[in-house]
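Going in written order, the chains are labelled A, B, C, D, E, F, G and H, and every chain counts its residues from 1.
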Amino acid sequence: MTPVRLQQLLERVARGEVSVDQAAEDLRDLPFADLGFAMVDHHRALRQGVSEVILGQGKTAQQIAAIAAELAKAGHNMLVTRIDADAAAEVQKALPESRYHALARTLTLEVAEIPALAPDAVALVSAGTSDLPVAEECAETMRMLGIRHERLFDVGVAGIHRLLHRREVIDRARLAIVVAGMEGALASVVGGLVDVPVIAVPTSVGYGAAFEGLAALLGMLTSCASGVTVVNIDNGFGAAFAAARILRGKK
Amino acid sequence: MTPVRLQQLLERVARGEVSVDQAAEDLRDLPFADLGFAMVDHHRALRQGVSEVILGQGKTAQQIAAIAAELAKAGHNMLVTRIDADAAAEVQKALPESRYHALARTLTLEVAEIPALAPDAVALVSAGTSDLPVAEECAETMRMLGIRHERLFDVGVAGIHRLLHRREVIDRARLAIVVAGMEGALASVVGGLVDVPVIAVPTSVGYGAAFEGLAALLGMLTSCASGVTVVNIDNGFGAAFAAARILRGKK
Amino acid sequence: MTPVRLQQLLERVARGEVSVDQAAEDLRDLPFADLGFAMVDHHRALRQGVSEVILGQGKTAQQIAAIAAELAKAGHNMLVTRIDADAAAEVQKALPESRYHALARTLTLEVAEIPALAPDAVALVSAGTSDLPVAEECAETMRMLGIRHERLFDVGVAGIHRLLHRREVIDRARLAIVVAGMEGALASVVGGLVDVPVIAVPTSVGYGAAFEGLAALLGMLTSCASGVTVVNIDNGFGAAFAAARILRGKK
Amino acid sequence: MTPVRLQQLLERVARGEVSVDQAAEDLRDLPFADLGFAMVDHHRALRQGVSEVILGQGKTAQQIAAIAAELAKAGHNMLVTRIDADAAAEVQKALPESRYHALARTLTLEVAEIPALAPDAVALVSAGTSDLPVAEECAETMRMLGIRHERLFDVGVAGIHRLLHRREVIDRARLAIVVAGMEGALASVVGGLVDVPVIAVPTSVGYGAAFEGLAALLGMLTSCASGVTVVNIDNGFGAAFAAARILRGKK
Amino acid sequence: MTPVRLQQLLERVARGEVSVDQAAEDLRDLPFADLGFAMVDHHRALRQGVSEVILGQGKTAQQIAAIAAELAKAGHNMLVTRIDADAAAEVQKALPESRYHALARTLTLEVAEIPALAPDAVALVSAGTSDLPVAEECAETMRMLGIRHERLFDVGVAGIHRLLHRREVIDRARLAIVVAGMEGALASVVGGLVDVPVIAVPTSVGYGAAFEGLAALLGMLTSCASGVTVVNIDNGFGAAFAAARILRGKK
Amino acid sequence: MTPVRLQQLLERVARGEVSVDQAAEDLRDLPFADLGFAMVDHHRALRQGVSEVILGQGKTAQQIAAIAAELAKAGHNMLVTRIDADAAAEVQKALPESRYHALARTLTLEVAEIPALAPDAVALVSAGTSDLPVAEECAETMRMLGIRHERLFDVGVAGIHRLLHRREVIDRARLAIVVAGMEGALASVVGGLVDVPVIAVPTSVGYGAAFEGLAALLGMLTSCASGVTVVNIDNGFGAAFAAARILRGKK
Amino acid sequence: MTPVRLQQLLERVARGEVSVDQAAEDLRDLPFADLGFAMVDHHRALRQGVSEVILGQGKTAQQIAAIAAELAKAGHNMLVTRIDADAAAEVQKALPESRYHALARTLTLEVAEIPALAPDAVALVSAGTSDLPVAEECAETMRMLGIRHERLFDVGVAGIHRLLHRREVIDRARLAIVVAGMEGALASVVGGLVDVPVIAVPTSVGYGAAFEGLAALLGMLTSCASGVTVVNIDNGFGAAFAAARILRGKK
Amino acid sequence: MTPVRLQQLLERVARGEVSVDQAAEDLRDLPFADLGFAMVDHHRALRQGVSEVILGQGKTAQQIAAIAAELAKAGHNMLVTRIDADAAAEVQKALPESRYHALARTLTLEVAEIPALAPDAVALVSAGTSDLPVAEECAETMRMLGIRHERLFDVGVAGIHRLLHRREVIDRARLAIVVAGMEGALASVVGGLVDVPVIAVPTSVGYGAAFEGLAALLGMLTSCASGVTVVNIDNGFGAAFAAARILRGKK
């Protein structure tokens, strides 16, 4: 173990068994992470809170099941994203208490209570029914991260008054996540209505010139509303995670 | 002259100088357009109304001046689009009474009064100040086509209430032309507010992911408002022309 | 209910129970749509006429069936687009009188007579046999909207005389819808032949450099025929809806 | 004036001159914004703070000067972005006390003190010297918005230890803005090092396959660090504005 | 029938029943193609030779079978391209003497002998085994068109001497068709070796940056060998047809 | 000199100074091209006819002048393509008898008579005035190659009867070159009218969705007329060269 | 046989049966490769070492089995890449001793021992679990080429310390192969850490804006680390082969 | 200074002034790079050899001059890439002994002799005259890195025998760098001829479908020659640097 090794080196310096020059030289060669500090883990935030996250896509059902089983042993909550029904069923054989959300394509396991990350709620706004899977992935991720949210669904800009009619939902939110496919214009309108952070999630909803979400992505990146930020196409998970970065505040 | 030639042939049939079989054979070989009918000209609509149109782009100042001079002789009104100031100045030497519109980059010559094409007005809606050149090209074309319009400028969706505040302009219009760059979301919102035809003109306004108008173009094509139609990027002329097709009605 | 709430507020002002200043203040805070007016619905046009429209794509058979059942209760005609045979069969269990059009991939339900939207007919022009599904979606939508149409199919520009031979169909139309894949050149030719509105529908027909309809889309947007407007790739529904906007005229 | 008109209507109700039904009817027809509330302005956030913002690109020097002069009269601070030296010089004739920042291509006018928006600082991280113009646009915008920042420049990932060496700058920040061109990898590394919000700004720095910032944009959108959000290519202004949305917190 | 109608009109002119003026007027209104001439058919060339061609892609097995059955009645040879095995089997039920070529995905029916189009042979050159399906489609089309060809397969430029070793095949050819995927470099090398026409067919062979044939397409279009012409990706049929245009010579 | 070396080796074999085995071994190691045969030159075709060709683009005026001067010494005719006026003027100082064609951007030098390559003429068809530079480059190249051509200009498909009216030009041609920008539909129409080879040249004429010739390129590649072949955008030279390959016939 | 023919010619020269001039003339006409030298084979490197390579993609199971059986007869080792499980099972019927690697999608046959190509090891670095298939294809290819490698997996840059912690693996390597999808930033970081050759393999891992590996590809091509080279998306085989080119050294 | 600080800490441990535990804790908190080791510099390789490298593009002449002046003081050789003539002249005012290479657009300063990096030579192969600027940038970089090279210019594949005629240049090289625009096929041919490393540099030479080097880039990435690696478009510097990584060998 590395901290042990460091301890030993310093003890030998203290005992005069190793000269200062030699110790300096040794430390210079000591591989960085062997010092035992700062082994940063990019899932730290989630894990600190509640959950481990596994990206299901690109992994076999067997791989996911194996990873999940190991995590479950450690008593962590768990979130698997982009997992299809078959793979989920496979995992559930090992972890029968896990829950599959078919629309969100998420599999979750709650073994510990999830503390609230922040007092405020996120407004989760989506344009149409077809955007639901992405919105639900976002919602499930927020749930596992301890983020409350309020929904404002099916308020695409072609019926602008549906949005305005219920705008108090976004008015009272601490931040807004806007999920929209096709031309993705909803992000611009919401961004113009509120001053809080707006995270835009383009979806692959649409056909033809929607080009699998490219139209929405470009539209959101070039939004005429200032300061709207964007995540990858269909990345409901990423938007929830970005919300967590904002809501958590500086430690 | 061809109609003359047809006339002569028929007269010779009537006089028995040419047999029916021979005349049928001749007509079969007669080049189509020599009959003098249906020599379709894609600028017919404009010309019927008032003006000749010259696309300035890709032509030298000398070429434009030469064509314009010839048209002017015929007593036609004239519209040159996409002509820069230098070329316009060159043309104006020959046609001092022509008028250059620097923002629209159009040069117009009115030698005859322009009759109104339709009683109703078109709502010309644009998102931002930078979209003005395209909007003005559209406006100048409509003016030369005898189409009245009412303007609703600088009503981008990031400030949705600016549009709603003045929506009576589009509510009373016979059709709406929406000129917008960046994400082009304005077309969707307008398309949702009114039942009349909406012609969307994406502009090359914006930078980065706007990709010279691609973002707005894709956004307008995938608009969640049903039945919005789109013309080429920056094609204010085309939108005005499409409006004329609609307003003119069936002959 | 909002109008009620407004009514009550005004009554209290009339009774002197609420001061004018207080009422003005209240109205200022009253959410816009609570006033009960202008709840714009982007399907208004269709509904006024006859039908509700459901976009089948991106919805499960169950979701479509549920929405359709609810609409059917209200006595509305109904049009589902982009619905595959399996989903249609599912819906038809609940709504046995609905009719599936396999080529158009539409499901329709007619419970009320559909009034004619306009006296004139639309020319529905298509380039090749493979464009039929899109043309049929357009035709079905027009039928549900009360728009008569006349067909001119398989008149691709590689055999230009087939089109010219039957050009009286487009000559007598109030507007033309041109459905074409591959290079989409038909829109330019039709646009040059007639003065009425031409709505171009690029299709994803073709392979290789057709790039799923991109070639036709770009070709139609850059058509050398002035004033041709374009809808999304394969969007036969959108073209029909745009036709309705034009034919309906200003209310 | 609209609030006046509302006031008058209510007074007439109070005096019994207008019946409740009539007033309800009138209000129904009253154009929305005429009520004088909620005239949302997408620059509200900035204005509340200190400054007006003008996007210089796509406007002539004369247009900018005119707008700026008018704003200056109102005693507002002002920020013009994407303005070149010539246009700036033109504006400075009218507003000699304005200051041009050649690298950032911004023109600023400070007539009132700018209050701090938040106690914490933003870490402004950039990859290379060529990214400076975008980083400086971001810095100038933050300055006008009352946001303190600390710089960490020239820490591209090809020399990863330069970043790690000075990581305390990002460790103590409330949020990080990462400005990088070429492959834009810096956003992923920073996103993995900290839990605070990370706003990534792709720049058009690079050549060939950088495709004017596309490589960096796609790289940042698909970052393997969870919850990194992205703004448009070269949009330093947008990143600063997004930071303001986060730092300002919920009103 | 139209020629009849023309005949009748002329007879009535000859008989004095119709005045010359009236006949001229009538002819003016007579639809062009009703005259019965020039009903151009884009499959004319093939049909003159031997075969009818049906593009199988985008048609149902039933549609193909129906068209094929009708053509077979007329005694024409027939070529169906881009038809999969299932559809072919369906057609073969009706036309048991037709032959399916699984690699080329063609179905052919020979009821009449196919005359040779030209004395010379075409060199059909392909880069790799995976390009075979396209090369075979080309070969089958040439066979049905009466074009002899000589094969030079698997001579990709990575083993340039394999090509040079057998270059007499292209040296003695009247024209060369080069079928290649991946980078498509073979067209440039062949184009440099011979003076005869070179028709390049990019294929969708390859993965990743081959982008479904885009790499080969762009490579062939920008070939450093002068005067190489290109057809669509995977369009073996088109290359054979272009060869027929060249070999047939001017009538 | 290599042929000399080969000669010497064979003489030594004849004299018995070198054994057959040794000679076979030596020849095996002899570098291929040292044998002096088959030094293929990709400009062979042109040179056999009349001219040397220099691609001006990407070369400095000095480089072009140097190459040209050297070629002129050899008594060859010469064609420089894609050379701007300044570079041409530079070259003309050295070669005053050379002729610059400003529209075609070609510089030609004729020191020897150019024999006719073939008795037939090429139909050079172009869509609009802006396509002239490409058409003229093609024309100048054909002139230097000894190919006669007949022009059919400004016959874009939006006025289809202009083309049909003069179709005898393409009807009597041995092959047709079609130069068109925007949607490039002219190639499809011409390809459907004639059986001879059709070489399509997309041009960069157009704006917006024309994407510098991409729309025309894709349109021509996916032409519904069978057997149309395509060269690079704006490559008038390449089309002329391809025509030479066809007209020259097999040696 | 060609060498025989050369032998005979030389013998006839030696015998005086053929004059030197005649022989020189004959040799001039002798097709190049008939001389029997330099028949370059692009799989030479692999074959010299140990194995034949077959690209499975685009070939039927039957084709692969046939080729493999023939190679096996010759006693060569064999590597089939991009072969799916079904095709592999088909081949294994004929070659039961071959081994299928499901993750790498390779089928290998070892009939002879594979000599080590070089004493040093390659560092095979990959970013995430989903990149494993490409990394394994690379590993299997290296194994068949006699290249030792050391693995450093799951060290994506979002957790930069995981890489730094184990950087001795790359520090001691003779070259590094970096396999990464999404933004592909790992190549830049590794390229900055070491001086040895770095071969970057973008993978198609990721979704949305990853565009099937385009994001990683562009990112690696524009890497801010100097001298990183790139192979095609998912081309683990190519990277291993490039490594062999480097390690083998100059013969 | 950090090593000093480490030294002091260890001395205090040795003197018993700091406990082992305290020292371990301090070291844990000590910022990584403060230890003074491993401050990796991505230009290390170059600097170890001879030169500092400055990327001129995106820097002002003043910035370059300032950096260069500072480096010159340190006695380092220097290489500035992508610097235009004006900026170079500016720098040369401060550093008159520096040398500008107009074609390569490099500025070099040699104050110390450059040791040879390796005994072998690199074959620098280029396709056409227009590729010279990139080839020269590569050559100048190699010169400053101490790499000998041999040139093989103007050997594009359209004249394949020109390459074969001089193939001994690549046969004797330790590695080959292939610089080519247009379709970039030269890399595939060279990759098939030799077993040594081949680094392909696509150039932006060409027009139309060359798309600023995209055609060559895609072609090289999908090369049918195994193990060819690719650098960014026009990146002659990067290819030279990659060569240095290979030639330098493992330290």
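Here are a few things to note about the model shown:
Here is the rule we go by: a contact is a pair of C-beta atoms (placed from the backbone, for glycine too) under 8 Å apart; a residue touches a chain by one contact, two chains touch by 3 or more.
Remember, predicted model here, so these are calculated numbers, not experimental data.
The chains in contact with subunit E as well as with subunit F are B, C, G, H. Within the list G-H, C-E or A-C, E-F finds its counterpart interface, over half of the contact pairs alike by residue number, in G-H.
Subunit B and subunit C have centres, each the mean of its CA atoms, that are 25 Å apart.
Between subunit F and subunit G the centroid-to-centroid distance comes to 39 Å (mean Cα coordinates, whole Å). Each chain gets one centre point, the mean of its Cα atoms, and the points for subunit C and subunit F are 50 Å apart. Counting partner chains per residue, subunit A shows two or more touched chains at residues 32, 38, 40, 42, 128, 156, 158-160, 164, 191-193, 208-210, 217, 221-222, 224-226, 232-233. A list of each chain pair in contact follows: A-B, A-C, A-D, A-G, A-H, B-C, B-D, B-E, B-F, C-D, C-E, C-F, D-G, D-H, E-F, E-G, E-H, F-G, F-H, G-H. Looking at the complex, you find that subunit A touches subunit C at residues 128-130, 156, 158-162, 164-168, 205, 207-210.
By the touch criterion given at the top, residues 127-128, 156-160, 164, 182-185, 188-189, 191-193, 206, 208-211, 214-226 of subunit G touch subunit D in their complex.
Subunit C contributes residues 31-34, 38-42, 55, 57-59, 63, 82, 202, 204, 212-213, 217, 232-235 to its touches with subunit A in the complex. Per the touch definition, subunit F reaches subunit E in the complex via residues 40, 42-46, 48, 53, 120, 173-174, 191-193, 195-199, 217, 221-222, 224-233, 237-238, 240-246, 248-251. Considering their complex, residues 3, 6-7, 10-11, 13-14, 16, 19-20, 23-24, 27-28, 32, 35-38 of subunit B touch subunit E.
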